Amino acid sequence: MAGLKQPDDKSHFLLPDLGEGLVEAELISWKVKPGDVVTTSSILAEMQTDKALVEVPSPWPGTVSELCGKPGEIMKVGKPLVRYAVSGAAAATPAAAKGPACVSASVAAGVPEADGDQGTVVGTMSGTLTVSDRFARKPEHAVAAPTRGKALATPAVRRIAREMGIDINKVAGTGHSGRVTAADVHGFSGGSTAPAGFAPRAVAAPTPLPAVDKDGVAQRIAFRGVRRKIAEALDRSVRTAVHFTVVDEADVTELDRKRREYSKVVGQKLSMMPFIMTAICRALRKHPALNANVDDANSEILIKGVINLSIAVDTDSGLMVPVVRNADQCTLVDLANQVKVLAGRCRDRTISREESMGGTFTLSNVGSYGGMFATPIINYPEVGILAAGRTKERVLVKDGRFYAGLVLPLSLSCDHRVVDGAEGARFLNTVVGLLEDPSSLV
Amino acid sequence: MPITNALTTTIERVSILDEHGNFDEKLGKGLIPDADLLKLYETMVTCRMMDEVAFKLQRSGRMGTYPQNMGQEANSLGAAYALNNDDWLVTCYRENCGLMWRGVPIDSILLHWMGDERGNAMPRPHHATPIAVPIGTQMLHATGLAWAAKYRGEKRISCTFFGDGATSEGDFHEACNFAANLDIPVIFFCQNNFWAISVPGRIQCSAPTVAQRGIAYGMPCLQVDGNDLFAVVYGMRKAIEHARTTGKPYFIEGVTYRLGDHTTADDARRYRDQAEVDAWKARDPITRLRNYMTKKGIWSDAKDAALREAAEASCMATIERCEQVEPPVRGDVFNYTFADLPADLVTQRETGHTHSLGQDPSQLPSASTTR
Amino acid sequence: MANLTLVQAINLALIQEMEKDDRVILLGEDVGANGGVFRVTEGLQKRFGANRVVDTPLAESGIIGTSIGLAMAGLRPVPEIQFEGFLGPAYDQLCSHAARMRTRTRGAFTVPMTVRVPVGGGIHAPELHSDSPEAFYAHQPGLKVVMPSGPYDAKGLLISALRDPDPVIFFEPKRIYRAIREEVPEDEYTIPIGKARVVCEGTDLTVVSWGASVIQCMQAIEACGRSVELIDLRTIYPMDMETVEASVSKTGRCVIVHEAPRTCGVGSEVATQIMEKCFLHLEAPVQRVTGFDTIMPYYKLELEYLPDAARIQRGIEDCLAY
């Protein structure tokens, strides 16, 4: 066959083209075995081509060292059929022959074509390459339609998913032509979808969660359910509202006296709470900017005409915030009673969702457990929260005179996107003023 | 041993009707019948008139840059007259007169300079190639065209025109070399008009003649007075006979002068003397021929005036026609890039955009049909 | 059916087309009596005569310019430029005339010419015999640019080029002139200009290449052991982006391989079109494994310059790891 060159060292015999333009033949049976000495009249094997049953003779005398196929196998033209023992060497696999799967750029026996003409006036042409079957030509057809299961997304969105440790292919795409948007990715991480049209600040994407050391664990508590929901709400608030806190103290010595008097009059022990709530309501009327909800989805600040005070209630599942509606229209006793009822409902989980909605400002009475000042977290989407700390007896000064008085610490957090620092401070000042002058309160 | 001559040669120069009106009867008798002479003269006058009209048009903003042929009419006209109508005319851009004689509509020439490719869509029967802008590159095409004719066993030859400047380009040499060595019947006609824009001929060719360039290729060479229509015809007939009978090339130099600027974008007063121009005006081929015909009794001032009037009218009509031509369609920019447009070009043509979102607006969220 | 080298396949294509169409003429330096410096036109002058297989003077602009004239007259000239490094002098005729004649004359004159040019490195040749200038000509509107990667494609593409009504530059990768054999049918067949070939299918990454680099890509794909789809462009202009787009939309990753230098190589065009057409499917930046932005070195260093299987494999693996 034109071009098929057998190796000069006769280390192996490449199957030649047995017919006209054949590429392969089926090995029917071997007529020799390793170790046999053969001559040019010895038959090596019987092979079946698509034209005939053919006997393949040995091309040269030698000793057979290895048979390169099994009966029934399809042997390729140009591939080794039989190996011979090369003189002086053991019948080892010659290094030159490689497996059929490889494309090798080895020099073909290093011998140029018979007439010595390399076919080029400059440079050298050498080497033969065989192409693995993997790349064998197949009838050309249209490329298979792309398999789905892979998300469509811009590189920018893919980055967000990667940073959040999310497999983007698991996120449903709500964008144009089904693409996964940044909002889709963020929504996927929180379990709740972000509001439609809301574009969260993609810059603040957290890094993937670190692994936690399990050593020394005394108790494992499932972080799920109500606690998880509360945690998520707090998380959202901190991430969305820009918190700033202003603190102050109110001299409630006089107010405390009033409180005790009032309690005797109504026949019910009143805490500071209803008084503080009243002060807040009055102050909110004077500073309406703090009596608002922020609607980020529509980029609106909703200044409310009603005053619904959210009251922070501590439960064994965490913080709950029921709402006292129209708190500015309630009497002190009303306020006290409502708070008591709502707190009870929180603790025994009979509180309804509606009873926790619609708040316009929050009061958190942390003082009942301890602590002076705090950095309360806004009850989003409200824009302000006041934390009242523990009242303490202290030595106070007034007009140069010392006296023993009662001090109530107050911490006000506001959403700085909506409330200016000055506005917040002014509000707190008003509250303090009202608390220090009880006659204006009741 | 004595030094011998490897080669001795001379360059002949032909002049039959000189600027003073002297006519060499021996060479010129019967060369051009009177009837043909009148038609040839008419063509020269029309060509000259076209130049003047085009110049005015350019100056009034109705035409782009235009190169005048003024003073060089006899070269290409004489050649076209001598050649067969199916011999290839491979011109550069100062051969309007020859093209007109061949029957190429003036409209075609004007449309080219008016910025419309359709001016180049000359019908094949004219066997004239389009105006060639890159200097000196068309001579190789002439060689190929003549080669094809020879390959087919046709008697057709090529005649290619170029200026003295073009003889400096490498392609000139390669074309002469190919034609001479492969025996291709090309007539290389150099219009030596002494100026390549502002660069005088002596910088292009320091030899006494341009014609002798041909010696290097073993071609027969001849110099003729390019402002003498008779000399041009005489020289061309020699060249044609040589090319057609031997199948080999011939080199002919027609000495003339570029009376106008290089183009309407040029001002020759910047680099040449008016005295030189005036001297050559006296050798104007049209004047020379008119005087000869008048003296011979076949022409008159009255006839000349009438001809000029008619020529002007026909030139103006041509201009009007050209200006009425419907503007070309944008699609033509694409449609003639290839015989079969690749899909990408079809998209560019159909959408009028190259940016991918413009080509495929469906990728945009708020796809709008009118943009 | 015979197993032919690239040289033999091209020779066969020329013989068959010249027998069929007597408008086809070959011309160039050493193509006649010598059969071409790579023996591609071996035996053709003897078979068809010296007026159909013509030894020209040593002048590349002359060869292309006269071919343009032959083509304008209606013949089908096949000029050969002996090495891609010598295309320079012919650039003007190719870009100022061959590419423009149809549009300049609105179809009155056309140039159905096929320019054959050996291209690429890897044969230990002197300077200016190893370059890859396909980008220069792909950038010229009006020219078609073709580069087969093996004997089967070469025969089919050359016949298509010879029959194409417009000028085609047919680049022949000299590194594989004799290095591979493929079954090449004797019967007439054509491969359309402008159609790529999917050499092997895969799911994880697409490799796009052409010319001798396709063989290096095959080696690299075998070595990396991943599911890689290999596309042989076969035609540089007009490029088959449909096939590339379908593939990269499926795999999401792409490595482009070419010998020519990186900056403004054809790879930049492929990468940009992938970016435009597969933007939402891309999982990694498109990678280009190419020659460096230096002059092609003399042969002692040429294998350092050319993108080899190892460098391609690294490109594939890095792209997969992104």
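So that you can tell them apart, the chains are marked A, B and C in the order they are listed, and the count of residues begins at 1 in each.
Convention: a residue touches a chain if its C-beta (ideal position, glycine included) is under 8 Å from a C-beta of that chain, and two chains touch if they have at least 3 such contacts.
No experiment lies behind these values; they were computed from the predicted model shown.
In terms of Cα centroid distance from the overall Cα mean, chain C ranks first.
The chain with its Cα centroid farthest from the Cα centroid of chain C is A. Inter-chain contacts peak for the pair B-C, counting C-beta pairs in contact. Chain B and chain C, compared by their mean Cα positions, are separated by 39 Å. Chain A and chain B, compared by their mean Cα positions, are separated by 75 Å. Chain centres here are Cα means. That of chain A falls 46 Å from that of chain C. Contacts with at least two other chains are made by no residue of chain B. Contacts with at least two other chains are made by no residue of chain C.
Within chain A, residues 177 each touch two or more of the remaining chains. Against chain C, the residues of chain B that register as touching in their complex are 117-118, 120-124, 129-130, 133-134, 137, 139-149, 151, 170-171, 174-175, 177-178, 181-182, 332-333, 336-340, 342-345, 356.
Contact residues on chain C toward chain A in their complex (touch as defined above): 1-3, 5, 7, 37-39, 83, 123-126, 129, 150, 152, 174, 176-183, 197-201, 203, 215, 218-219, 222, 230, 243, 246-247, 249-250, 252, 279-283, 299.
Chain A meets chain C in the complex at residues 1-3, 21, 23, 78, 101-103, 105, 117, 119-132, 134-135, 137, 140, 143-147, 150, 152-155, 158, 177, 179. Contact residues on chain C toward chain B in their complex (touch as defined above): 25, 51, 54, 56-57, 59, 61-62, 64-75, 77, 89, 92-93, 96-97, 102-110, 141-142, 144, 164-166, 194, 237-239, 241-242, 276-277.
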